[in-house]
Structure formats: C-alpha cells, structure tokens
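Heads up, the next two complexes both have subunit A, just with different partners, subunit B and then subunit C.
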Partner chain A sequence: MRFAFSLEQQALRDAVRDLLGRACPPAVVRAAWGADDDAAPALWPQLARMGVVGMTAPERWGGLGLGELELVGVLEEAGHAALPAPLLETTAVAIPLLAALPDGPVVDGVRDRWLGAAAAGRAVIAVGLAGAPFVADAARAALLLLERDGELHAVPRDAARLTAEASVDGARRLAWVDWTPSAATRVATGDVARDAAARALDRGAVAAAAELCGLGRRMIELTVDHVQVRHQFGRAIGSFQAVKHHLADAHAALELARPCVARAAYALAHDEPGTAVHASLAKAHAGDAARRAGRAALQCHGAIGYSFEHDLHLFMKRAWALAAAWGDAAWHRARIATAVLDHDAAPGAFHA
Partner chain B sequence: MTVDATSAAADDDGMDLRLTAREQAFAAEARAWLHDHVPRGLPPSGSADGFAAHVAWERQLFDAGWAVVSWPRAFGGRDASWVEWLLFEDAYYRAGGPPRVTQNGIFLLAPALFEHGTDEQRQRLLRPMAAAETLWAQGWSEPGAGSDLAAVRSTAVRVDGGWRLSGQKTWSTRASFCHAMHGLFRTDPDAPRHRGLTYFLVPLDAPGVRVSGFRRLDGDLDFADVFLDDVFVADHDVVGAPGQGWKVAMSTTGSERGLILRSPGRFVAAARRLVALYRRERAVASPLDRDQVVRAWMAAQAYQLYTLQDVTRVAGGAAMGASSSINKLAWSELDVQLHDAALALLGPRAELVEGAPDAVDGGAWIKGWQFALAGPIYAGTNEIQRNVIAERLLGLPKE
Partner chain C sequence: MKILVPLKRVPDPELKTKIKDGAIDLSGASWVVNPFDEYAVETALRLLENGDAGTREGGEVVVVTIGPSEAAQQVRSALAMGADRAIRVDAEDKAIDALTVVAVLQAIVAEEKPDLILMGKQAVDGDANQVGQMLAGKLGLPQATFAASIELAEDKASVLVGREVDAGVEYKRIPLPGLVTVDLRIVSPTAVKNHVTPDAFAYGDGPRYASLKGIMAAKKKPLADKTLADYGVTASPVIAEKGVELPPARPPGQKVDDIPTLVQKLVEEAKAL
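After this line comes the complex of A and B, so read on.
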C-alpha cells in the first residue's frame, strides 16, 4: 500500500506550477474577465507545447497517454492559478471521453478530425452532459460533446446556436446551447452512451474537485500573507486567535479533502467499481472546503478583500462556480446516500 | 510504533492501494481471531468489576499476540508495519472490540519509552504493560495545569538514589484501577517553565500516594485525583534526563493527537454501525437525518484516507510533525458528528440509556455521544490544535 503520488507525477505538477506561477498571475485572470467569448484561452499554446493540453490523449493522437493520477496534480495547480482555460473540459473530460468510445464510422470520423487537433491545442472541445443546463467554454470550442435523451452527440460549434449566460466568475464562459441531433452527430447510444456519460461526469467532478483544492490553497496563501502584514491594535492581525482559527479550520478541511481527490483519481485510473462514490466524496468535500476557505479568506481580509480591485474574488468566484458545477455537494451527498444507505455498496479505502 | 516498520510497498514509486499478500494474510488472520474471541457485552470499564473484565480481555489479546502488533517481537509484538497496524485496528473495531484500557500505557507511554527510555526500562516495563499486568495512568493535568501543561506545580526533590514527589494530578483516566502513573513533575523551580520539568514513572501503591476516583459526565468512575505526599521514586524510574521532561512529553503528544490513539478503524466501524442503524430506522428517518448520516459517513472516509496518506509519509521516513493536529481535529469532530447523526435518527429514543426497555443498541449511542464530547477537550483541546495548525503549519505569528 502506498498512498502518494509518484516522483514523475510530482515533477509534472511542479513544472506546471512553475509555468503558471510565471505566466498566469492574477492580471492574466483579470484580463480574461474582459475578453470576448470566443477569444482563445489564456496560455493554451504554452500548455499545449508542454504536453499538458493533450496529456490524456492516446499517443497515436499526439498525446501523452497519461491518466487521472497525473491529471489531478496539474488541475490543482490550474485551480491555484485560477487558470482561465478549459483544461477541465477539454483535457480532463472531452478527450478521454472521445478516446474511449468504441470504434464506428461516426466516431472514427470525429476522432480523426478533432482528437489530434484538441491534443495539440488547436481545437477546444466543450462538454454538455444532460444534468448541466449550460456549457462552459462553448463559444470558444470547435466541437461540443452533448448528451441528450440517453445519446451522445459530437456537434461542431458552427452547427449550434449559443446564447451566452454571464457567470459571477467573469472568466468563465457559459452558454445555453440549442442544437439538433442527427445521425451524423450521434457518437453513442444505449449502454455505451450511458456509461460514457457517467464516466465523463465522474471525471468532471474529480477534475473540478482538484481545481477546488488548488483554489482553496491559494485563498489561504493569500490570507496568510495578508494577516502577517496587516496590523491592528499594534500587532499583526494574524496573531489573533479568531483569525488563526478561521484559517486553521479552513486549512484542515482542505487537507482532508485532498486525499479524497487522490483516492478518486486512483479509482478512475483503475476503473474500480466504487468510482462514482469516490468521485462524489472528492467533489463534495473539495467543494465545501474551497467555499469555506473563501469565507475564511474574505473574513480575515476584511474590506480590502471585499473590493473588486483585490485579487481574492478572482479565486473565490471560481470556487463558487466550480463548487456548483459537475454536481454540487448536496447532489453528490445524495448520490453517496443512494449507494451507501440504500444499496449497501460502500467502497473500501483499499483497492480490492 | 517502531521506526523501521515500513510498508512492503512503501519504497515503490507510484500510488498502489492494493494490499500486499503479506498485508492481506495479516488482516485475514487478525479478522479470524478477533471474530472468534472478541467478547460481547463487556460492562463499562469505570467500575472495579468492569475494569477486571476488560483486563481479562486485554490479557487474552496479549497471549494471542494481538495486544501490540506494531511492537518488536521481543516485547510481545509482531513487528507489524504501519499499514498492518491500521488493518489490525480496523479488524479490531469491526469485530466490536472494546476501547483499550491499556491505552495510556501502550499508546502514550510506550512511544516515549521507545524514544527516550533506557534499555533497562524497556526490558522491565514494556511486556507487563502490553500484557495488562501493569496498568498505566497518565498523570499530566493538575488543577492549575490543563491546556497550559507547562504550568505543572507538582514537584520532585532530589534525594539519595531517587526523588521525592509531592502535589496533585487530576482527571487521570482510570487511575483508581491502575498500578502506576507516568507524568511530569517540576524538578527545577528556578529554570524557565518548560525546562524545569522531569518525566517520572510513579507506582500508585507507593507510600504517600492517595488515589481518589470521581465520576465523569456519563457517571462512570473513570476520573481520578492522584495526591502525592513525599513519594519516593527511584532514579531508574525517570524517563529521559532530569530537566528533559517536556521533550519526553512532546513525543507522547504526537501519538496522542495523531493516529495512534485514535486510528480510523474505530470511526469507520462507528460509521458502519451508523449506516446499519439508518437502515433499521429508515421508516422514521427524515431527509435531513439521512443527510446527516451520509455527511458523517463521508467524514469518516476522509479521515481514513487522510491517515493512509500519513502512514505512507511516515513509512517513507518523514516525521508526523504538527500535521497530527489536523488529525486530532478530524477524529474528535468526526466522533461528535457520528453520534450527532445517530441521536438525530433516534429522536425521542435518543435519551434512553442502557437498561431502558426501549433503548436502541443498548443505549450505546447516548453513551458514546457523551464520550465523543470529551474528544475536543482531551489530548490537547481543539482550540490548542487550531493554534498549532495556524502557527506551525501556516506560519502565523505567536500571540
């Protein structure tokens, strides 16, 4: 039993952290707030060159063929930087979804046309599962993977009508998508479609959970810095216990969420039977922990953190959005309850 | 826990959550033995008869080699790895094993002896401790020294061949039924607070010792005052060097807060019992009860996964360090949450205690709830843990 990431996984994560630390300061996040809906995502070429965008694609499509254990470290760093780019949608969900579909004329055609392009960073792919009313990054996607009536469809963006929906996180690009299914867009039906969509949901939930852990960590870092510099009553406010305890609780909650994310990534990578429960555990804990970190951070910053000019809200609003996307905490708890309480199907901590 | 107790897979690079063949065999053996031997319906340990029954069980555990699996064989253990130890704990509580009345010896004193004791002390003390022949109480707190442990005022004065101890210890768990006590005494009143302390082992039948039990919140006679009046303690019963008591005590707090005193097995088993309770009571459970149950189950899973990560780290040579404070917050809040959820499910039956005709599970939930409420207080209060997390893990300035 060894419950830790490998040295290579850690090295990849460190490399992404370095890149984003240099190339994705808050100013870049802020710039994304004002960008056009169809503007290319920030840093996409750099991330593609590094292999990150295509990391989950099989090698024959120019990818690295890596799995969720590599991915969650990278995504935590993306969250830490509030990276305004669709790594979650394209790299964590769409590429693995397309790559895993059984061969067939439509699927083969879609893969030939889009998978290599997506892995190389030339095409964004967005995802709209049945439970989600809006599609993130639809306007800048070349292809939309959409679920409806138990079927999966690959719809070129040009063939869909989009209505933009503004998010509290101005760097997010949501749209209502209106489209017409056809035989030419249908890539999966029946059990195949159902399983692929379920797996896509779990991937999205775990990816969002990883980003939420990074967002939470960043908000705590910002606050730890702030409370050491800000003085009131003649001393650093970080020396007050009320401040310390907010941060200690937020930090502890995040540290307890992170192993849940690692466990869920392992379950996905090994296709374990209990994957959905592990994914829900990760998403619910990470979402709650990141929201809590946001509240603690804001409270400990005081009014300076409440101003739009301050960077804190860039991270906090992303956390709100991601905590609600891919199933919010209550939805995931309900899903766990069904498995554990109704079906007595609690997965173990170990890999059977 | 022995330092070289590494998991077989600990050095491999990469995550692997499968158990090795050795780990699986170990777990299967533990489960089979515990399934056949764990006693049902032991009385509470807070009475002389109850305590004796618990001691008898601990002796049986020792004779079969399950009392201290992580210790070296020479002291009655099995040289088990950290992972195996977790598996044992899981099997123990899954089988319904009672809380360990030896815990203040095997989990709190023993780590200090492994780290700071002499060979002679280890040879003399460890086996009888594990075999429940010598029962140990922890004598740290005093009426004026709770969270502020370094404020202890009980003294020890140097005499020929040893020391003379005087003062009062309090809230000492099960001391009325124990044979010996380990704790801190002030040996140098002139040294700075943390430096003038020495760690002593005190026989509770020595002349000048008076132990006076009193009841805890749940009514059990599990607390005791220990009054010491010029009690002689020989030099060989000092742990570590005179003046080094604080350091010795701190090696214990890591085990107390961390995963040794409260392994996840205990809470995972409680979460499993909670799920079983829900399944029995579902007809009367509201959606909010259901949510509370699932939240508690989820918290238990998170704590378990957190400890697997810890165990991997420690098996790889890292120190547990201040992160044991996160551990302590987690298990203590989790225990409250589990019992809260159960009581919510039981509604008007929640208040029924053992012996009441309609008490569910023999009143175990209201009993457990009362003990759970102590978790955020003992082993360093949760406020103190939050201070440690903020100062040592996040780097915030001291008050």
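After this line comes the complex of A and C, so read on.
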C-alpha cells in the first residue's frame, strides 16, 4: 500500500503555495492586524477565483466536491503564510457541515441561499460549537452555524448580537455571540445535530492541525534564515550545537505531527469509525509541535524575536491561538485516553 | 484559430545554482516552466478568450515540449492554466541543442498547421535566444520577436506586435501564420488585445494561477507522448557543453579619499581611462 498524497493533491497544494507565496507576504498578515472586524478577508476573491474557497462544496453549489485529503495540504500552506482569512472556518468546517445535513425545508433554504455564495467567496460562514466560548470570524460572516442545547442553528449574522473579544493573534477576529434560537433557524436536532457537531469538531481540529504544521514549518524557516546571518563570537549562531539542536528537535516534532494530520484527514475522508481519535492525535501533536517550533524560534531569534516589528510574532501568535482553538492538546489527549480506556464513553465538552 | 506554444522546462531560476565536476549539478533541482514560455501560454489564452466574461471564444492552444518523462509535469501545468492539449517529445535535455529543437518543431508545425506560434523569447537556463528566430527562418514564416504587446486583428489574419526598443516602442504587423516570441511585459494587464475582451478590461499582472478545477481537468486533457524518430529527427547536437565553472573571485573593492585619486587609479591600475 502506498500511503502518500497523489500527484494531483500535491499539485493543488503547490498551486496554493505559489499564490500565497506571492500574494500573502507578512505585510498582508500585518495589515490584517489593523483591519476592521468586519473587513473582507484578505485574498478572499483570489482564493475564490482559484476554487480554493469552494473546494469542499458539492458541484451543484459551484464547488469542486473535494475532500479532506485535498484540503489538508492547502491548509498547511495557509498556515505557512499565516493567511488572515477564514479558510478553516468556512471551507474546512462550515461548508461540509452544511452540505452534509439531511434535506429538509429549513436546511434546503439555508443551503440554497448560502452554500453557492460561500463557495463563490461572496459570503463567509462562521461556526460556533457548544463548548467554544467565542466564534472566530463572526463579524465578517454572513451566516453563523451555531450549536446550543443539542441543536444546530443557521443564524444570519444580522440576527445575532456580537461582542468583540481580543485574540492573542491580532489578525484573528473573535466574538461572543448572543442570539435567540427559533424554528426558523433550526437545521438539526437530536442525533443528527450531535453527529454533525461532532464531525464539525473533528474537521476543525484536523484543519487547525494542518495550519499549525504550516505555521511551525514557517517559523523554523524564518529561524534557519536568521541563524545563518546572525553572527556572534565571530561565527553564524546557526553553527552552534545549542542552536542547531533546538531547531532539529522542533523540526523532528513537526515531521512526526504531519503524518498524524494526513492520517486524520484520511479517516475523515473515508468516514472511518476511529476518526475522532485520529483527529485528536493530529491536533495534540500539531499543537505541541507548533508551540515547540515557536519557542525554539523565539529563543534562537534572541531579543529581536520579541519585537512587534519582526515578522516572527505574526506566525507565533497564530500558532498559539490555533493550538488552543478546536480543543487544546490536553483536551485532545484526554479524549484519546477516554477512547482507549472506555469505548462507550461520549466525548465531553472542549474549550477553545 | 490554433496557437502552438513550445515550452521548455528549466531548473527553478530562483534557486541557487550548484556546480559539481565541471557541470551544473541538477540532482535534486526543482523544475519549472521557463518563465517566458509561461508568458507565451498566458498570451495564447488571452488571445482566445473574453477576459472580462471569463469565457473561451473557441480556438485551440497546443503546447509542445521536448524533454524526459518528468517534463510532463510542466506540460500539465500549462494544461492546468487552460491549454487544450499537449505533445511531449521524449529526449534527454543534454542530448538536444537548438537546431534539434528547431527540427522537431518544424515537423510538428507541418503536422499541426497552427495559425500562430507563440514562444518565449529565450529559455532562462541557456539564454540562447535562438529557437524562435531559427524556427521562423526554417519555416519561411514572418516573425516578430520580443513582443511586449500583441493585438489580433479583427479578421484574425494578422497580429500587430509592439516591441520595446531603445528609442521607444516599435510596432510590426505580421500576417498569419506567423511566429511571435514574447518578452516580460506581454503579461502586463492590457498588453494583449483580441477585439473580444473589452479594451477597458485589465488582467492581473503576470501569468494566471491555475485554478484547482483547471489542475484537475488537466489530468484528463490529451498529452501525446512522441519520440524524436516520430518526427524523423536524430539527436545529433552540433553544440556540446564542454565545462562549467564559476568566474574567478573578484578582488575586493577599494575606497579612495578623493576624486583625483580615483581618476589616478582608473588610469594606472584599472586602465579604464
């Protein structure tokens, strides 16, 4: 058995890497820190034109009908660029969640109104699951998919009251969402809602893990560049073992996390029974690895790494934010432990 | 209207070149489409579409490359941009020179009968800048080189090519069939006119990014694998690479205190004056 991404999956990823490499330099990420909460996401039209935004949407709504195996490579590149746009929330979670709901009058109406618009990049959809206190990108979303009391609701942004909440990552927009559930917004109840929310959590965790791998890779690249030109004691500091070992350890941790992410994507794409465990493994490993890469990067950069003017913090703070979102490493390890020790236990709440 | 675009794969020009044992070390090199050839693909697509509506207005873009099986990847990237089909003629990069390439392309042109041959002005690996001119000469076709702009006549019988020269822009109208080699500015926002895309429409600067849909569609587009023998050509290069070495290290620069010392050094040491 050959367990590797196909040439086509690699080509999709390379194409996004090319676009983001040219169109999303750190200056774009920095600009997002100062943007209004409801400003249109950076590069959204270009990404939509390229088919990235709608890649997970079924073809009947203008998407490409692609799955998680195509998506993780793209998300890793989004992480590598610290893309300040809701690819994770809209493309990786909201669109598949909405597309997979069973048909019904409310669901059909919501899908007809929003799925095509989301796939075309005209509407952002944000997701707020019950265990998460904040909703990312709520202010610039047109539609919010919200879980409460075992039900899923599709709430137009205008029908919700938002209170902005600062994130450690200034390019990330969080908000408390206050809203009133109604029959008109209810899109799923009972087992359907519970399963959809659980799958959305797994999708979000794997997507965040993929972005974290990209962020970690970028921070190591930045640091390798730095330690080759920063001289101390008459030599480049990268020649010292204390520096090299830091970076080698961080790199090794990332390389161990990436197969976990690929495996979890495979499990999601094939709807395997152990998907939740694979998702937790991926998120726990990638979160730890990205945080470790950030620590090594900060240490090796020395004082300049702490400065706001240096690019490192743009990537490090995104890594901190995503490591905590969609369940942090401790929560995911606990979920793995529960699955290992008690096959019948239901997953508990998580904290974002 | 059929447009033939020959393209070559080259080592990624953004990566540092390594020299080993008197030759450029290409082990582990990443390969890309020669940038000028990519501009030619972009130009061909712009000539055949309504850029404003995002619709193709008929015509066919055929890309051709001469290279090993791995070169299919670069051809696929042109197909992903929007080219319709491709031909790869199998040959090792080192086994062919410009004349061999011209002989193969001559045979392909005879078979395909394109209305326009669009190609990069040169490949950025060898920088020879020979194939376009020689091919037009061998085929007896009109040519316009280093195109910075191109306008397809309404009757599609000719193209008006703008070439940037020292004194300004020189315009040449060549009847079709003909051959045009393109320069960097051909992919600026309004450099290509075809009387279909509105004149006011501005493309993005540079060649387009392949869409994900285009990448997936490229896999299903026809790619014909041929050999040199299929076109009656034998690889017998008249130009051979004898060796590659870096230029000698330059001596360090000097700082001088004043203009007279500078002039003195230019005269006595550099012998530049």
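One rule holds for everything that comes next: the second predicted complex is superposed on the first by the 343 of 352 C-alpha atoms of A that agree within 3 Å, B and C clash if a C-alpha of one lies under 4 Å from a C-alpha of the other, contacts with A are read in each partner's own complex, and residues count from 1 in each chain.
FYI, a contact is a pair of C-beta atoms (placed from the backbone, for glycine too) under 8 Å apart; a residue touches a chain by one contact, two chains touch by 3 or more.
Every value quoted in this text rests on a predicted model; they were computed, and no experiment measured them.
*Asks:* Under the superposition described at the top, does placing subunit B and subunit C together on subunit A give a clash or a fit?
*Replies:* fit
*Asks:* So which one touches more of the residues on subunit A, subunit B or subunit C?
*Replies:* Result: the larger residue contact count on subunit A belongs to B.
*Asks:* Quick check on the superposed pair: does A:D249 touch subunit B, subunit C, both, or neither? Answer first, second, both or neither.
*Replies:* Once the two structures are laid over each other on A, A:D249 reaches subunit B alone.
*Asks:* For A:V168, decide between first (touching subunit B), second (touching subunit C), both and neither.
*Replies:* A:V168: touches no partner chain.
*Asks:* Touching A:V224 in the superposition: subunit B (first), subunit C (second), both, neither?
*Replies:* first
*Asks:* With both complexes superposed on chain A, which partner does A:L19 reach: first (subunit B), second (subunit C), both or neither?
*Replies:* Touch partner of A:L19: subunit C, not subunit B.
*Asks:* Once the shared chain is lined up, is A:L64 touching subunit B (first), subunit C (second), both, or neither of them?
*Replies:* second
*Asks:* Quick one: smallest Cα-Cα gap between subunit B and subunit C in the superposed arrangement, Å?
*Replies:* Nearest C-alpha atoms of the two chains are 12 Å apart.
*Asks:* Let me check the overlay on chain A: which residues of subunit A are in contact with subunit B and also with subunit C?
*Replies:* Touching subunit B and subunit C on subunit A: residues 7-8.
*Asks:* Subunit A touches which residues of subunit C in the complex?
*Replies:* 73, 76-77, 80, 209-213, 215-216, 219
*Asks:* Would you tell me which residues of subunit B are touching subunit A in their complex?
*Replies:* Contact set of subunit B toward subunit A: 7, 9-10, 12-20, 23, 83, 272, 275, 278-279, 282, 290-291, 293-295, 297-298, 301-306, 308-309, 311-313, 316, 323, 326, 329-330, 383, 385-387, 389-391, 393-399.
*Asks:* Considering only the defined contacts, which subunit A positions touch subunit C in the complex?
*Replies:* 7-8, 11-12, 15, 18-19, 46, 49-52, 55, 64, 66, 70
*Asks:* Could you please specify the touching residues of subunit A with respect to subunit B in the complex?
*Replies:* Residues in contact with subunit B: 1-9, 69, 220, 224, 227-228, 235-236, 238-241, 243-245, 247-249, 251-252, 255-257, 259-260, 262-263, 266, 281, 284-285, 330, 333-334, 336-337, 340-341, 344, 346, 349-352.
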